[in-house]
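Can you read through this structure? Questions will come right after.
Note that the chains are named A, B, C, D, E, F and G in the order they appear, and that numbering of residues resets to 1 at the start of each chain.
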Amino acid sequence: MTTALAATEIVSQLSAQFPGAVEEAGTDAVLVKGEHLPAVVEYLKTAAGLKFDYLNFITAVDYYSYFEVVYRLTSLEFNRYIVLKTRCYTRNKPSVLTLTGIYQGADWQEREIYDLMGISFKGHKNLKRIFLWEGFDGHPLRKDWNR
Amino acid sequence: MEPISAGALDIIQPTYWPGNYWWHWLFYTVVVIVFMLVMVIGAIYFERRAMGKMQTRLGPNRTGPFGLLQPIADAVKVLLKENIVPGVADKIVHFLAPVIAFTPVLLIFTVIPFQNGAMLADLNIGILFIVAVSSIATVGVFMAGWGSGNKYSLLGAMRNVAAVVSYEIPMVLAILGVVMVTGSLSMNDIVNAQNIPNILVQPLGFLLFFTAACAEINRSPFDLMEADSELTAGFHTEYSGMRFAMFYLVEYAEAIAMSAVISTLFLSGWRGPWLPPWLWLIIKTFFVFFLMIWVRTIMPRVRIDQLMGLAWKFLFPLAVINLFATAIEVLAWPDASQWIFVGVNIVLAGALVFLGSRLFKTGLGRVEV
Amino acid sequence: MKFENFGLGIVKGLSVAIQYVWRHALVTQYPEQRLNISRRSRGNELVWSRERCTGCATCAKACPQGVIEIVTATDMTENKYKVETYRVDTGYCIQCGLCVEACPYDALFMGYSYERAKYRRAELVQTNDELLESPQRPVSGYFHPDIAKKLPKQTLLIEKIVEKRK
Amino acid sequence: MTTTQELTLKTEPFILNIGPMHPSTHGVFRMRATLDGEVVTDIEPVFGYLHRGIEKLAEERTYTGIIPFTDRLDYLSPMSNNLGYCLAVEKLAGVKVPERGEYIRIITAELQRLANHCVAIGAMFNDAGAYFTPFLYMFRNREKIYDLFDMLCGQRVTYNYMRIGGVSQDLPEEFLPAVAKFLPQLKKFLDEYEFFVKQNEVFVARSKGVGILSKELAINCGISGPVARASGIKHDLRRDDPYSIYDRFEFDIPTAENGDCFDRFYVRVQEMRQSVRILEQAIKQVPDGPFRANVPQVIHPPAGESYAHIESPKGELGYYIVSDGSIAPYRFHIRPTSLINLGALRNMVRGWKVADLIFIFGSIDITMGEVDR
Amino acid sequence: MGQAVAFWIMAVVIVGAALAVVFLRNVFRAALLLILCFIGVAGIYITLSADFLAAVQILVYVGAISVLIILAIMMTRGIQKGSPANKLRIPAVIVAAALLGILIYAVTTSPWNVSSQPPLTDTTGPLATQLFSENGYILPVLTGATLLLVAILGAIVITRENKENKK
Amino acid sequence: MIPYQLIWLIMLLPLAAFIINGLLIRPFVQRKSKVYGFITITAIALSAVFSVWALISVMSAQDNQILVPNISWLNIGSFNFSIGIMMDQLSAIMVVVVSVVSLMVQIYSLGYMAHDDAGYYRYYTFMSLFTFSMLGLVLSNNLLFTFVFWEMVGLCSYLLIGFWFHKPSAANAAKKAFIVTRIGDFGFLAGILILYFNAHTFDIALLHNMAIAGFLGGSALTWACIGLFGGAIGKSAQFPLHVWLPDAMEGPTPVSALIHSATMVCAGVFLVARMMPLFVFSPDAIRIVAVIGGFTAIFAATMGLVANDIKRVLAYSTISQIGYMMLGLGAAGWAVAAQINSGLFMPGDEVLLLSKAAVAVGMFHLFTHAFFKALLFMGAGSVNHASGTFDMRQMGGLRKTMPWTYLTFLIGSLSLAGIWPLAGFWSKDEILATALTNQPVLFWLAIITVFLTAFYMFRAIFMTFHGKYRGGDKESGKDYSHTHESPWVMVAPLVFLALLAIGVGWWNVTGGFSNFFGAESEAGSGFMAVFNIFTHTVNGVPLPLISLLVALLGIFSAYAVYLKKWITAKSIGKVFGPLYEVVINKYYFDELYENVIVKIGLMKGLFTGFKLFDEKGVDGAVNGTAEVVVRGGKAIRQAQTGQLQLYGLVIGVGLAVIAICVLIWGR
Amino acid sequence: MIGLTHYLVLSAVLFCIGLYGALTRRNAVIILMCIELMLNAVNISLIAFSSYIVPQLLTGQIFAIFVMVVAVAEVAVGLAIILAIFRHFKDIDIDNINLLKW
């Protein structure tokens, strides 16, 4: 069974490593500050005993007041997973740092989020619409989008 | 040599023919064209039906009894379609390509004997003529590929050019073995000389020629010029209507022509007991054609570098060795019984194929980019 | 490319392919031969029972495509709703069968027939009487085991053709 | 054997559009390939020709009403899609599925895996240029499976069979005997098929060593399923994160080392054998009892979020659902196996020929319905 | 009679095709007409009862040389640019015409020692005997073979890209 | 009777192997693949079978000769090139020697070259080319082709000595071998040309007949023979061109076994034997042969005493033994020449037979020597395989771990030392007998050499196989502390050759070999002749007994010095002091060539003169011309547009002008 | 009646056309093609000589075979050079490639 990494354990490790990075720690998800995200993920991927080398998916949720970007990482070696979240509090051009340098698999998923949710990923080399055509008006998965 | 059986076509033998040269010419021209068209129709039906059977399908079965009229229905359908010429095409080249591809195929049939001496022209360079003329068909293919102004077509044409240039060499070398054994370039003489079918005397030559012929006429697994899964239809992607029908016709006519050549060179042509000679030729031709269908059924398509590698690294050395072996046999023991060579050559063929298989490998084909 | 197996692999392939010539083809020749389709088959139409329908519109709510349109009027005399219009746009129907499952009164069934192609989209919209059961519109056993029992058993395609050959 | 050779003859680069309408793009997919002669120097995939916005649509449907949409994601394995979605909702709503329902789900899911692999392997050969023969031999068996599904739920492609808390209808009485009869046939067929294909020189030449996907790259790209297992990643959610009742069955996880096209083919064949093994165990153990928990058609799961993933035939298929307590999900996200598996395509095809590009693409086994959603 | 008809047809085809090769701007079409010209030359050989050479002409020129030329055209994309003439047009015309005049004058005025014997009809065997027999042209044949080998190797070496250049 | 096609195949099969290996399959097979080896071995094995068949056929044939039709290759004008084969006793013996030894070496190489980085490809390709060339050399009936093959074996030798060309020593050795043998080849070519200008033919049989008929003679023949012998000196590493052979040991050991002991270096002997009907008419030349042979024998043997590298010991031994053969040839030829000169009238045929028979003695030693010397080299290779070095000072005690190698090496050494009843004994005995009957001085040289040979060979054996193991190669960094027997592919040829080294000598016990060559033999008949040999006397001297005793004395001395250490080598060295210095420095021959001839003679003398002439005469002229050209070039550079077509146009104009001129004035 | 002269004149015409083309075209491939034309012209005259002057000897035909050999070699090397030039200059216009000038 892929078990969740106990959030408390990882939070203490993370906050020791990156002071101020962890915004909030839920039961199964850790809320990380946007600017620390790549560093945290890099740490999670490489640190011995963690080795979260597999990115399951990235998605984003529109909560009106903020966007939440969800990352789920799995460690194939230890068969554990962790869910990271980060939030952008602005509706106008929200942005998160990209993970493409760490996981190649993040590339198209970030483009998808950009396409459908309108969150831009800073540092992404090829950030353009993936499913919809260039010139499409708006980002349809936003709650305030209407045709 | 006397004709083995007095068949229905005895009358067309030149010796019995009442008229002069031009009558002979006219008659055989008609015979050749009709023969080819009928054979192609038969071949199309035969291929679809046989492949269907082998693929647990039924094949055409609606038009006419057992679907026999399917090729005709196809032809009518294709001919009624609109002729679309792409805007960027080179119109003249696009128009001429099918015609140029079609002509040489007809010419091949002029030197194939249907009976002892029954052919349009008994050229004393018959087999060389076939090789020479069949290389013209390539021109049609790359005219089509280039004239269409389509990238798929261009890729198909370039593949064709590369393949034809490569495969002519093992093909000619394989033929040379036969020529050495029989001592003549004339197709009729070659048939007459085959008291033992050449497939036994030249087993390796047969394999090489069969492979090279398959590649030369774009039969699977060497049908890279029209690779349906990669290039949609290769060189004839942009053809429709009548011109597409021409290409379709050429494709099968070439296959039939090559089958006829193979059966003449290696399966002792029209010779055979009981049945009339022309029937034997047709039976043998269809047998060879069935081999092609059968191979097509089970083979994926090879890649272009593998195609070239096969020609240069497998067929070519084997053909050279076969040629050498045949030359030594013919020169050193001119009077020995051919049955000895049958045994020796079969063993040699097995050994060479074994060795060749061991030694022959191409790289993986990946290129550092 | 390497002839690792000295061409024996090709010979093996040839031997398998030629065996299939004698095996029967897995094909039905459609207009003459028909499959004996499943008892639970969901054809491309709905069969509606005017008698049982109460006009509750549960089906319309359940429909993910929203193709069911119900207009009801209050029938004061019998003190119940009267369905004035029951309209299904089969062109948009995806035959998921959720409406049949949702119907609390067993008033809706999947159709059993499948040759319902039309030339125009508008002809696919079926209203009221066109939805009723009739010989052309048999009822499927989908979600109704009692109906299913009455229908002929399904035989698998491959067996079916074997039977035909005998 | 060296894996590379130099490019000796350079010609002008040449851009070839493969797709969106092309015989072997498995749907409407477009690759803009930059060629150097025959060699692919770069490709750029272009998606979206089949984008239907299912994630958006789902936000306006009831939880049950979404099930038919999941059929249409990966239309070659709808049962698996249904299963994954139902698991996610059940996790969210805390529904317990009865025993018989679980078994029926496993049986259908494994049959679906067989059907999917039939298409995957067959289509892969077609992309290699085999003229339909291997494809049709596989389809012969897929047809039998589809017949079984037809018997089960009345549809041949879009089943809409699973429900939250179980399945929509009980098994018909002919079903299990038919499956039991089918499985030995399939096993025999697989032996024959391997005999037919595995040593065929041309196929081996076309597939061995071609399109190698290294283990590291596969992990980095998030590749899953048979493609990942062919690259040597022994990861299978049925074993590593057992959902439903997969922990009750004995089966192996076939893997291979090279990560080339041949391995992807071979891993799939082995997986089919393992599926047959699971099915053989499952049809013996099916208990009596209810096949569906008592769940209303319109449910109100508590607010929260859940992620459930299954090992679909193509890989890890996940559903991420955020609920706000209403009858429709607040956010519905699908982790698309095919899209993520395609992520390594560019690395895999660079330097190979056009023919290999098609073949490698075919060997990944994608469905555009799932890529574009 | 037959020979005359054949000769004039072939001559017209050859000259026409050759002129087209020289004057057409479309390189691909020029190459196609070159093939036509080669086939015409093969026809001329047949009228001269050199049947073997005619077949070889088609095999070599049409089957190999033209195909190579067309491959080169496709690879170098010379088609778009066409084949413009350079500044030497007028002097070249003069030189070519002068040479032509001289040649025709020389040819027509020379007394040719034409033999009355009929030419050999089956040339294949005699050619082989002459080329390979003991007092034949075996040394030139060997030299020719070496030349071909060297040419092939040279072509390969020239077209092969340098490893250093690439990096 | 062997069909003549098969005789052609004897030499063409290795050529086929070369072509297949070198040109056909290389793109498909890795260079380390054993396929190359198998192809070569198959070809040479067939070749060996045919050779033995040919030998048997020749023995039973009329005149001991098989006539093979010539193949006409080229006719240029009146000049007719034909390739032909001469299959007589000499060729038959040589062919068997070459193909059998080559076969054994190729099999052995499969094991020996297994760990080599360069792989089998180059090695076996060259080896089959060499075998082809060598067989061609011995089979050719034509001096020109003999020369061609002669150069080809030289080339192969060069390539194979320099097989590990990345080692500077190997590259230098290869160059040295090539250049030194070229000096001899110059003489050979000169000899051939002298003969051609006098006889107008290259055909060997014709030359023989012409010499016997008296068309050749006088100083021309003498100089031609000396020239030919010059070639033989170079190729066979005789004094004073012996310097390349010890250095040639840088090549792989099987190469040394095949080329530098058994076959190529014997080509000189073969050449002299082949041209013997010419030599006997030139007493001066044949005397030179005998004297140089005898001197080389003892001269090289002394150097063999002090070498520490086991392969060099064997190399010096080879030089010495070839000197022996030359001595044998020379002595026998001398006798014939004396007979002719004595004025006895003899019909031509008889002279021919006599002169051909004169080679029997030398050839018999060549025949036996080839087997045991190849055996010894391969044994040395086997030792190297185990210990990683050729330096005997780092070996010792290998007897226990390598029993087969030890046994076979011992047999080879005994045979070489001339111990009864091994092969070497018989052949050496013949030479001694011939020398004694004809030229006693030569006999003394020979008998001393017998002692030296026995001494240095057993020195080698005791240092290598006896005593304690001294650790093998210490520089390479690999661990050679545990020696082991070589693989069977290496041992099997050793055993086979050891059997030959024991057995082949018995051919001549009853005079079979000599009779084969047409010489009458004095040896007894029947199997008992093996034992009766000791009752034999030559000129009243019990020669076999003496030679055996001398050899045993040599072995005993070695035993005393190197195993029991009753007298140490150092003390001997002290006693002989300066002489030891000279010997260990190889008589300063390398220095002589390097410093005196090359540096002083050539560089200072000749080249300085050239330089002066160059600077003053040539440069002045050149610079002056250049100046003119540059000025002129600047002037007409404007015409050079770089546009080819303009040049073409000008050519066209020129053509037209020429044509017009011809038309106007040409008629 | 067609005689030797006809063939020779045809050959001369073909040769001069080829010459003109070779002198004036700027595309290297076309120049190569024109050279082929010239070689063919030579071949025609050789074979015409052969069959009119020494009809039983075939000398001219043998020469024609050697001319073909040379033509093949020339095309192979020529095209290789053109490809190499194209790779280097991205152009096969002869006017722009005047490295021979210094």
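Operating definition for what follows: a residue touches a chain if its C-beta (ideal position, glycine included) is under 8 Å from a C-beta of that chain, and two chains touch if they have at least 3 such contacts.
None of these values were measured; they are calculated from a predicted model.
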For this session: Moving only from a chain to one it touches, give the least number of moves from chain B to chain G.
Result: 2
Exercise. Looking at every pair of chains, which two share the most C-beta contact pairs?
Worked result: E-G
Seminar exercise, completed: Most remote chain w.r.t. Chain C, using mean C-alpha positions, is F
Problem set entry | Distance-to-centre winner among chains (Cα means, whole assembly as reference) | B
Exercise. Taking each chain's centre as the mean of its CA atoms, how far is chain F from chain G in angstrom?
Worked result: 53
Problem set entry | Approximate Å spacing (C-alpha centroids) for the pair chain C, chain G | 74
Seminar exercise, completed: Note: chain G sits from chain D at a C-alpha centroid distance in Å of 62
For this session: Go ahead and note the Å separation of the Cα centroids belonging to chain A and chain F.
Result: 80
Problem set entry | Residue list for chain C, restricted to those that touch at least two other chains | 1-5, 7, 10, 13, 16-17, 20, 26
Seminar exercise, completed: Each of the following residues of chain G touches two or more other chains, namely 19, 23-24, 83, 87, 94-95
Exercise. Which residues belonging to chain A are in contact with no fewer than two other chains?
Worked result: none
Seminar exercise, completed: As the complex stands, chain B meets chain E at residues 90, 92-93, 123-125, 128-129, 131-133, 135-136, 138-139, 142-143, 146, 154, 157-158, 161-162, 164-165, 168, 185
Problem set entry | chain C-facing residues of chain D, complex | 61-62, 64-69, 71, 133, 137, 140, 143-144, 147-148, 150-155, 158, 160, 168-170, 172, 174, 178, 192, 195-205, 297-298
Seminar exercise, completed: Contacts from chain B onto chain F in the complex sit at residues 313, 317, 332, 358-361
Exercise. Which of the residues in chain B end up touching chain D in this complex?
Worked result: 51, 54-57, 151-152, 155, 158-159, 220-221, 223-224, 227-232, 296-306, 361, 363-369
For this session: Quick one: which bits of chain B touch chain C in the complex? Just the residue numbers, please.
Result: 50, 52-58, 61, 294-295, 297-299, 302-303, 306, 309-310, 314, 353-354, 356-357, 360-362
